[in-house]
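First subunit A sits with subunit B, and in the next complex the same chain sits with subunit C.
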Partner chain A sequence: MTFLGFPLESWVAQLYVGLVNGCVFILLALGLSIIFGLMGIVNFAHGVFYMLGAYAAYSVIAATGSYWLALAAAPLIVGVLGLGVERGIIRRIYGVKNAAFAGVLVTYGLSILLPDFVRMLYGRPGKPVRIPPELTGDLLTIGGTKLGAYRLFILIVTAVVVPLLWLLLNKTNLGLVIRAGTSDSLMVQALGINVSRVWTITFGLGIALAAFAGVVTAPMLAVSPEMGGTILIQCFIVVVIGGMGSFAGPIVGGLIIGQVLSLTSMVYDVLADVIIYVAMAAVLLLRPRGLFGVEGIED
Partner chain B sequence: MAAGALSLLRRDRAPLVALLLLVAPFVADRTPLYTALLTEALVFGLFALAFDIALGHSGMLSLGHSALFGVASYTTGLLLAHRKWGVGESVLAGMLAGLLTAAVMGGLALRKRGVYFAMLTLALSQIPFFAVRMTLDITGGDDGLSGIPKLALAFPFDLPLSKHPRNLYFFVAAVVGLCMLMVRRILRSPFGRAMRAVRENEERARTCGYDTQRIKLIAFLLSGLFAGVAGALLTVLLEFVPIENVHWSMSGTVVIMAMFGGSGTFAGPFVGSTVFLWMKDYLSKRIEFWEVFVGGTFIIIVLFLPEGIVGTLKRHLRARGGPAAGTIAASPRPRAPASPTSEP
Partner chain C sequence: MGRISRRTFLKSAGVVGGAAAVAGFPYVNRLALGQSKPFKWGYISPFTGPYATETHDQRRGVEIAVEEINEKGGILGRKVELVVRDTEFNPAAARRKAVELLEQEKVDLIAGTLSGPEELVMNELACKYNILFANYPQNVVSHKKGLVCKWFIGSHLTPFQSAAAMGRYAAQHLGKKWHYIGDNYSWPQLLLRGLEKMAKETGATLAPPTWAPFPATDYSQFIPKVQAAKPEVLFVGNFGSPQVTFAKQAVEFGLKQQMKIVVLNTEITMAEAAGRGVFDGFHAGTVWYWTLKDKYPGAKAFFDKFHARTQRVPSGYASVSYTTTRLIADTANEIKSADLAKLTAALEGRKFQYVKGPEQIRACDHSNIQQAFVLRGKPAEAMKDKWDFFDVIGEVGAEAIEPCKDEGFDEAVPLSKT
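On to the complex of A and B.
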């Protein structure tokens, strides 16, 4: 049985791959969206922190041999680095005129600096990260197509992390402060809450999420200093399509972009790189604030 | 007589700039700025000036200028290599290509403002990059576009360009000089004021009756036009189109150049491009990982020198200008905010 000239099994396999890619986009775009929501900063270094997460995982595995340790340690290491970046650099631009532009420019500078720094430390060629032995092999085989077990693992961790994040933001005191700070940080400050510390924590949290995405994708591609470039732009598209300011936006946007990329690469792979930009243009023309965007936040 | 000339120069610096452009190649080879580097600095200075029409003068941070620049340089390159057009027509076609690309990009991205605009321009600028990679047989893909024949200017007089660095310099300097005059005219016109009004406070400008959306679109088109000239000139200069011209890192380069020199000032983009290219030339010959310094310098500029080289110098000169300039002008301005658009 075929559909559009491709056997049904290929469609299933491709949908599966797209779903898993979507999960990675969700992890990245949620971090991007949380940082933007609270601090008003579009983190152009987000892709670079994703790359650093993968390199941190490589280093931890090289030192200890354990992927599982890397999975826990790499987001922690890079998250702490993120705290340092917020304290050392980003902090200095709060409150200035046009802080949003300054934020873009500073993080853009980081995205030039850090990859070269990684090249200096690790060399230019990419580094391999192996799939942990527990997760090698295929989950099941439909017809001739295989569904890798490692991809299912990515699916599961995303399904665990995203609800945890929702609980953190919606059911804890910290989450309450973050959400309140998103709508009016001055008022929160006036109520005697140390907003400045919350900003630091939020930035670190977003960065840790990016690094986590880096760790889980590391075994599926060569870890290289450039890996953060394209995916950052794809995440911007996810956020633009989904809409800023809501929890559902990055999730739906991520799932859509994951499928679009995966399916076009099967049907007509020449267009795979371009089609997401067309999709973005279409959403913008029809609904400028994105599918789930909150009105008024886009200025 | 001399005093008269001096006061004329104080009012209008154009003759001074023209003289500087005329003399520069005869002095350049004795300094670290050899003629070829100087020519490239002029081209990138024009690109940074074009970019700054959007950022420094209208308050639009575009991260997609690589598309405007790159499409123009590919258009010029394709016409020179495959259609055997003359240099003049090809550069004009490149200029139009920059304008058209800006029309498409601006038409879509200007639906959003601020950082969203920046994100959208960045995303849209990826389309020409992938288009070049997809049309490997015409554009040469990742290897860049080669096959441009030996170039010579036919109009207004015959002038061989290939392998004649000084001729090339004067051709580029003439075009860039002309563009500088045009940009200056625009910035001093009522439209230029409207652009600055939008930059300072879009809401207020709209309340005053300005069609801010139209002003921003026109400013973006002008930016694309001059970025197109710069892209076309780079093709003539290199006789080759590297794919980097249309890669998003080119957008980063032009932001750095404009901010480095001083966004919102007229001389800033040229100072920025010259210092940047010299730094790159100097560092890349000595240090393998020179981008660490570029990125680091960039962060330091944004944090500590937000007005750039020219903007900071201007402020210090104004502060030292003494009581003659009036007490308000003489008093140092309040600590400038870390905004790329602080200096008119």
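On to the complex of A and C.
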């Protein structure tokens, strides 16, 4: 049985690939959305921290031989770097006139600066990161496409990380403060809460998520200083479609963009790089705040 | 406060006066040193972006050539000075910076690029500014009469040479049911045209291609489509980081077990970034491979210099930029002129040999007629050292190139006379 010239099994494989790619978008876009939601900063350096996650994983694997250690350590290392960046650089723009624009400029500057540091430290050629031996096997073959264990691992990891993050933001005191700070940081400060520390933690958390996405994608993609560029644009689109500042937005947006990219690649590949912009325009026409946009956030 | 002695005063005055003379009268100073105006080699290439690694290798090739040229007295006694610009992997930025090189730096020629769109921009500017353009990467310009500027000089293979070399090899050794996946821009599109011709010539069937957006960061969404086509041979038209990603995903999705993979143009930098054994079983075309040092003395000399400088082995892109830079300088010195028309005419039809077998600039379209090599990736356990990614298993000569007449050129008329 075929549909649009492709056998049914190929469609199933395509949906599976789209689902896994959507998971990567979710991990990356959640960090972007959290940073924007709380701090109002459009983090143009998010893709760079994703890249740093992949390089940190490479370093940990090179030193220890363990991908699993890298999976835990790389987000921590890059997350701590994120804390330092917030304390040393981002903090200086809070309260300045036109802070949102300043945030764009500062993070854009970081997105140029940090890859050069990586080039100086690691050299020009990309770095090899392999799928861990435990996950190199195939789960099943659909329509000739081998669905490897590693892609299932990404699905499972996302399915674990996302609820944990939701619990952190919705069921803990820290989450309560973060959410309150999102709505009215002045009022939270007036209640005697150290909002500044919360911002630092939030930025570090968002960066750690980006780095985590970098670690999980490193075995499947070229690890190079430029790897964060295109995916950052795709993640902005995910966040815009899902809605700025909402938790559900990046999840739904990520799943939509994953499938839109995947299915278009099969049906009409030359449109694959254009279609996500069309999808974004369509969503914005119908819902200017995105699918789950929170009222007032974009102001 | 101590008194200044007459001797101290005279010494100080001498030093200050000498310094002022050197700084204040540079013209006189230069004449005194016997130096003339440097020959400005305007070098512009994408040092950022997905081809950045290969571009840096290309630069090292140019630097080694310039060093050698200057050691031998430069070009017509003028020291060659590299003036470098980054195109940022953006044709608009490439145009802006090339114009800067031409109008502000007043360079004597332009050289470089590592992507089709930038190549086309430089080719256009070469004609507009009447200046020689040494094009280092695969030549996407010399395939159509009216497109190529007469001041354009090709260095690398053309996409037709690569497609012909690998297409003929595949038809003979790997299978005749073909599919092609490429990044959607000018160079991979020309590779496809070359493959279409090869399919006709060899009786192979070529299914409709799969195009990935350029620069591709992920091929996973295209792989089920490729697998649905069930080809015997999958040709791949990409480069740099995209090729690394493709190779990793081909392994991950089991493509290597299902079909023969033929990468139309590769470099050691990509095999290195993908990791040991990832290219195992891949067939790939290339313009030069570092083990040629064991066959050609020129390759050995170049290899040694490159390795001493970087502790790495050179890629083909380094060898090509080295060769063309040397070629132009040596030709100018031989004819004792850097005049654009005279130098171009002297380059047309010129035969030369630096780091591999004999090469020639074809007069009718300024393509470089040269060997192409067929590589096969080695398994990790068979690698003798960290650079031993491929075996050279074949060599294709001038017969692979498209005849000039097929693209509308008059074979008998040199391009500079058109």
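What to note about this one:
One rule holds in what follows: the second predicted complex is superposed on the first by the 298 of 299 C-alpha atoms of A that agree within 3 Å, B and C clash if a C-alpha of one lies under 4 Å from a C-alpha of the other, contacts with A are read in each partner's own complex, and residues count from 1 in each chain.
Heads up, the rule we're going with is that a residue touches a chain if its C-beta (ideal position, glycine included) is under 8 Å from a C-beta of that chain, and two chains touch if they have at least 3 such contacts.
This is a predicted model, so every value here is computed, not measured.
After superposition onto subunit A, the partners subunit B and subunit C occupy overlapping space and clash.
In the overlay built on the shared chain, the residue A:21 is in contact with subunit C alone; subunit B does not reach it. In the superposition on chain A, A:155 contacts neither subunit B nor subunit C. Contact with neither subunit B nor subunit C is seen for A:76 once the two complexes are overlaid on the shared chain. In the superposed pair of complexes, A:135 makes contact with neither subunit B nor subunit C.
Touch criterion met: A:270 reaches subunit B and subunit C at once. Applying the stated contact rule after C-alpha superposition, one finds that A:226 touches subunit C and leaves subunit B untouched.
In the superposed model, A:93 makes contact with subunit B only, not with subunit C. Only one segment of subunit C in 57-65, 111-119, 165-173 or 381-389 runs into subunit B in the superposed model, and that segment is 111-119. Under the contact criterion defined above, the residues of subunit A that touch both subunit B in one complex and subunit C in the other are 229, 270, 273.
The part of subunit C that touches subunit A in the complex is made up of residues 48-50, 52-53, 56, 184, 210-215, 217-218, 220-225, 227-228, 230, 241-242, 244-245, 248-249, 252-254, 258, 269, 272-276, 278. Residue ranges of subunit A in contact with subunit C, taken from their complex: 6-7, 10, 13-14, 17-18, 20-21, 124-131, 138, 141, 143-146, 148, 150, 219-227, 229-231, 261-262, 265-266, 269-270, 272-273.
Considering their complex, residues 36, 42, 89, 92-93, 96-106, 108-117, 119-120, 229, 233, 236-237, 239-240, 270, 273-274, 277, 280-281, 284-285, 288, 298-299 of subunit A touch subunit B. Listed in rising order, the residues of subunit B touching subunit A in the complex are 61, 63, 108, 111-116, 118-120, 122-124, 126-127, 130-131, 133-134, 248, 252, 255, 259, 288-292, 294-296, 298-299, 302-303, 306, 337-342.
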